[in-house]
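One chain, chain A, appears in both complexes that follow, with chain B as partner in the first and chain C in the second.
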Partner chain A sequence: MQQVYSTPKSIKKDSTFTFCAGCDHGLAIKLVAEVLDELNLRENTIAVASSGCSVFLYDFLDVDCIESPHGRACAVATGIKRAHRALNEEKFVFTYQGDGDFASIGLSESLHSALRGENISVICINNTNYGMTGGQMGPTTVLGQHTTTSPNGRNVKYHGYPIKTAEQIALCDGTCFSARVALCDIKNIINAKEQIKKCFEYQKQNLGFSFVEILSSCPTNWKLSPSDSHKKIKEELSEIYPLKVFKDIKEND
Partner chain B sequence: MSFIEIDNNKCKSCYLCIDVCPFKLIKKSETIGKTGQNIVEFKDENSKCSACKMCAMMCPDIAITKVWKT
Partner chain C sequence: MNQKELLKGNIAIAKAAINCGCKCYFGYPITPQTEIGEYLSNEMEKRNLAYVCAESEIAAINMCIGASSSGAKTMTSSSSCAVSLMQEAISYACSDELPIVIVNVMRAGPGQGYIYPSQGDYDQSTIGGGNGDYRIICLSPSTVQECIDMTYKAFYLAQKYKNPTILLLDGLLGQMAEPAIINDNPYEEIDNSSWVLKGAKNRPSRQINSLEPNQTKLNSHIFKMFEKYKQLEENEQDYEDFMCDDADIIICAFGSLARCAKDLCSYYRQKGIKMGLFRPKTLYPFPNKKLEELSLRAKLFIDIEMNMGQMLRDVRLTISHNAKISFIGKPVGDWLKKEELIDAIDKILKENYATSL
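For the complex of A and B:
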């Protein structure tokens, strides 16, 4: 008898995720942990958590974590990376943020980290609202989506257009890798893991700012069942937010 | 005979594993879990499980802790 699957070692033993049932945050953290195991980075990693549902990262991942002010995860990660480099220590630094954190409150920090070509990795969870505070309209809320602060649906004249984070980051010259993935079915989960692995490997090779946006479900605030929200990602959201690699500087090699 | 191990304390009854199993071996059980809903159980009477581990990959709460293949 052979064991073909086990809990990743980078997940703390006996920790239970505190997310809602069916939330893709758990899947994303699991994939990050699996990649950290495969690249053997666990002992050398500093994770930067931010505010939002992603705040609980330090409860689940068995790596060194630091908590940053709302939206400032990229700035904190920059400081950690540069301070350790000044001490001739090479640490692996990644941030784990939500879309409201990365693309709204911390847009300036995030964009300028990408423009500086800061050698950090960023995982951004895009669930099209502010999940933790009760589903308010976020920067990525799609047109027509009903949230608690846009009860008649998001409309262009009043609220403007949603931001497409992965495309914007790909436009920055300091970015080495920018991709958007989803976690709605097995094929996409396998692809997501590959892209996260690539994102982390590029930081190890000192290539610059690497970014993965994960299209994630929020069953509680979308008021759908977990399987229906995966269906929504597959059929509706992936049309608006195309799933592909937008920038890969090693692609032409 | 391949099988999976489910941690009853971690299952939150999202039922994503039920949709993803190609042989429909995972079903709702009579047991009430921590969220107040029926948790899932694994029943494989005809030894159909092929240890494809798709349920374990899909589970957002790592409630499917181990997959064994023979």
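For the complex of A and C:
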């Protein structure tokens, strides 16, 4: 019998995702694992999981992994990458962070890592709220969106504007790759994996800071079914947060 | 090699760090310790080591977490209000059991205060300024030579006990130059291959984390940490006892201030008063075994600090059942003239020995 699918080697054996039904974190981690397998990186990787739903990364991913304090993943990754170089070792280092983690509490560490051109990769899950703490307004919460701390909907006058993370990171000189993808249908999932792969390959080639923002569902906090969540991403959110590559140092050359 | 040089405390620490194999330094400027980062910037770049002018102390200490988990000897340095910024990560590093050397060249006052010598961070350094149950190994040099020796020791203890270690000194010692020798690091290297993150090659993958949703596991993790602290308290207490053997009165002081206290011992001994000095070299673990032993004989202890009485609490906890304890303190150390101390001590002696003086 021909085997058409098997669990990626970079996923722990017998692990079951514990994320809410319809949450895209599980799929995102699976894609990361597949790319690690395909690039043969598993045994040479150190992953940084940050506070938020992303922290559970190390329950599922079968690679060396460290948990960072909320928001500091890029600083921790900087330390790991640089320390190994000081020890004459080259490791593959990536962070897996929420949007609140990366773009709110950790914006300073994130932006400066990109500005320095730290040779690390970042996967940032944008679910337009602070998921783990129960769906409060975060830096990416869109105008009009109801959350537990913007109960009447986010409005500019009262709450100010959200951040477009991938666009901002693309502006940094040290960034070699910045893209936004989604996991709302098969076509987008295939594209997401391609961009993650590029992001990781660029680190292997020492090109600088590489970044992929994944527009992700949060059915529990959005109070939508999984399929309606993906519909929302496809029809509404991707209008506000365009799914595209904002910087690719190789294309620009 | 190993010749006497005229060295500032800050530079001595930086040189000792390089000499004992520090591979990573991350920091952000703040007086009175900036020379450490300035000196290392050049020395580490020359050697292809890791040096980052971090965007903040929060970033610096988190870079230390990453570097330490990679198995590299790692250091940061800072001062008081900026060490406060690091406290969340220090608490993580204790739970993660990561060796990191943190140099705190203290300045005075809460908030920004000023760069005067002070010992106001004793509490923060020994009890811990971060959240949860943990302890920080804390070493207190009082000479430039000890800055060197204790830098070696800080790296050693941090690795041995897999715990952050603070080297705590004041701006006086950081800025002051005196002759010292950059001797060789006397400590053995500690094997870290059983826990560092280098990629899951030919072994199961490893995780370093402090998050623990399982109540039983979280409990046993903290109990395990405290087993380690028990070992520290058992084996690593360090102190200097100066003229204590026959002393009736013992001064307790740490750091640069203890040097003034030695002068006081000689002064009072000339007047026929048997005075000694007890100087903790490890602030955590506090050397309570020796102090308690001394309190069986000496009946008056005078605790002198450049703060409002922080080590005083440890002194009281150790000996208040045996001896009388007086306190002289002022939060900003610019004042420490011998005459002022003598006035203050004379007053205490009069209160306690009205007739015999």
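One rule holds for everything that comes next: the second predicted complex is superposed on the first by the 251 of 253 C-alpha atoms of A that agree within 3 Å, B and C clash if a C-alpha of one lies under 4 Å from a C-alpha of the other, contacts with A are read in each partner's own complex, and residues count from 1 in each chain.
FYI, a contact is a pair of C-beta atoms (placed from the backbone, for glycine too) under 8 Å apart; a residue touches a chain by one contact, two chains touch by 3 or more.
Treat the numbers as computed from the prediction; the structure is a model and nothing was measured.
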(request) Tell me which partner A:226 touches in the superposition: chain B (first), chain C (second), both or neither. (result) first
(request) Would you check which partner chain A:45 touches, where first means chain B only, second means chain C only, and both and neither mean what they say? (result) second
(request) Classify the contacts of A:123 with the two partner chains as first (chain B alone), second (chain C alone), both, or neither. (result) neither
(message) Going by the contact rule set out at the top, does A:112 touch chain B (first), chain C (second), both, or neither?
(response) second
(message) Once chain A of both complexes is superposed, is A:16 in touch with chain B (first), chain C (second), both, or neither?
(response) first
(request) Quick one: classify A:5 as touching chain B (first), chain C (second), both or neither. (result) first
(request) Determine, for the superposed model, which of the two partners chain B and chain C contacts more residues of chain A. (result) C
(message) Output check: A:87 vs chain B and chain C. Expected answer is one of first, second, both, neither. What do you get?
(response) second
(message) List the residues on chain A that touch chain C in their complex, please.
(response) 12, 42-46, 48-49, 51, 55, 58, 61-69, 72, 75-87, 89, 91-92, 108-109, 112, 116
(message) Taking the touch rule as given, give the residues of chain C at its contact with chain A in the complex, in rising order.
(response) 23-24, 26, 48-50, 52, 54-56, 58-60, 62-72, 74, 88-89, 92, 96, 197-202, 205-211
(message) Please output the residues of chain A touching chain B within their complex, sorted ascending.
(response) 1-7, 11, 16-17, 19-27, 30, 185-186, 189-190, 219, 225-227, 230
(request) Mind listing the chain B positions that touch chain A in their complex? (result) 9-10, 12-16, 19-20, 35, 51, 53-54, 56-62, 64-70
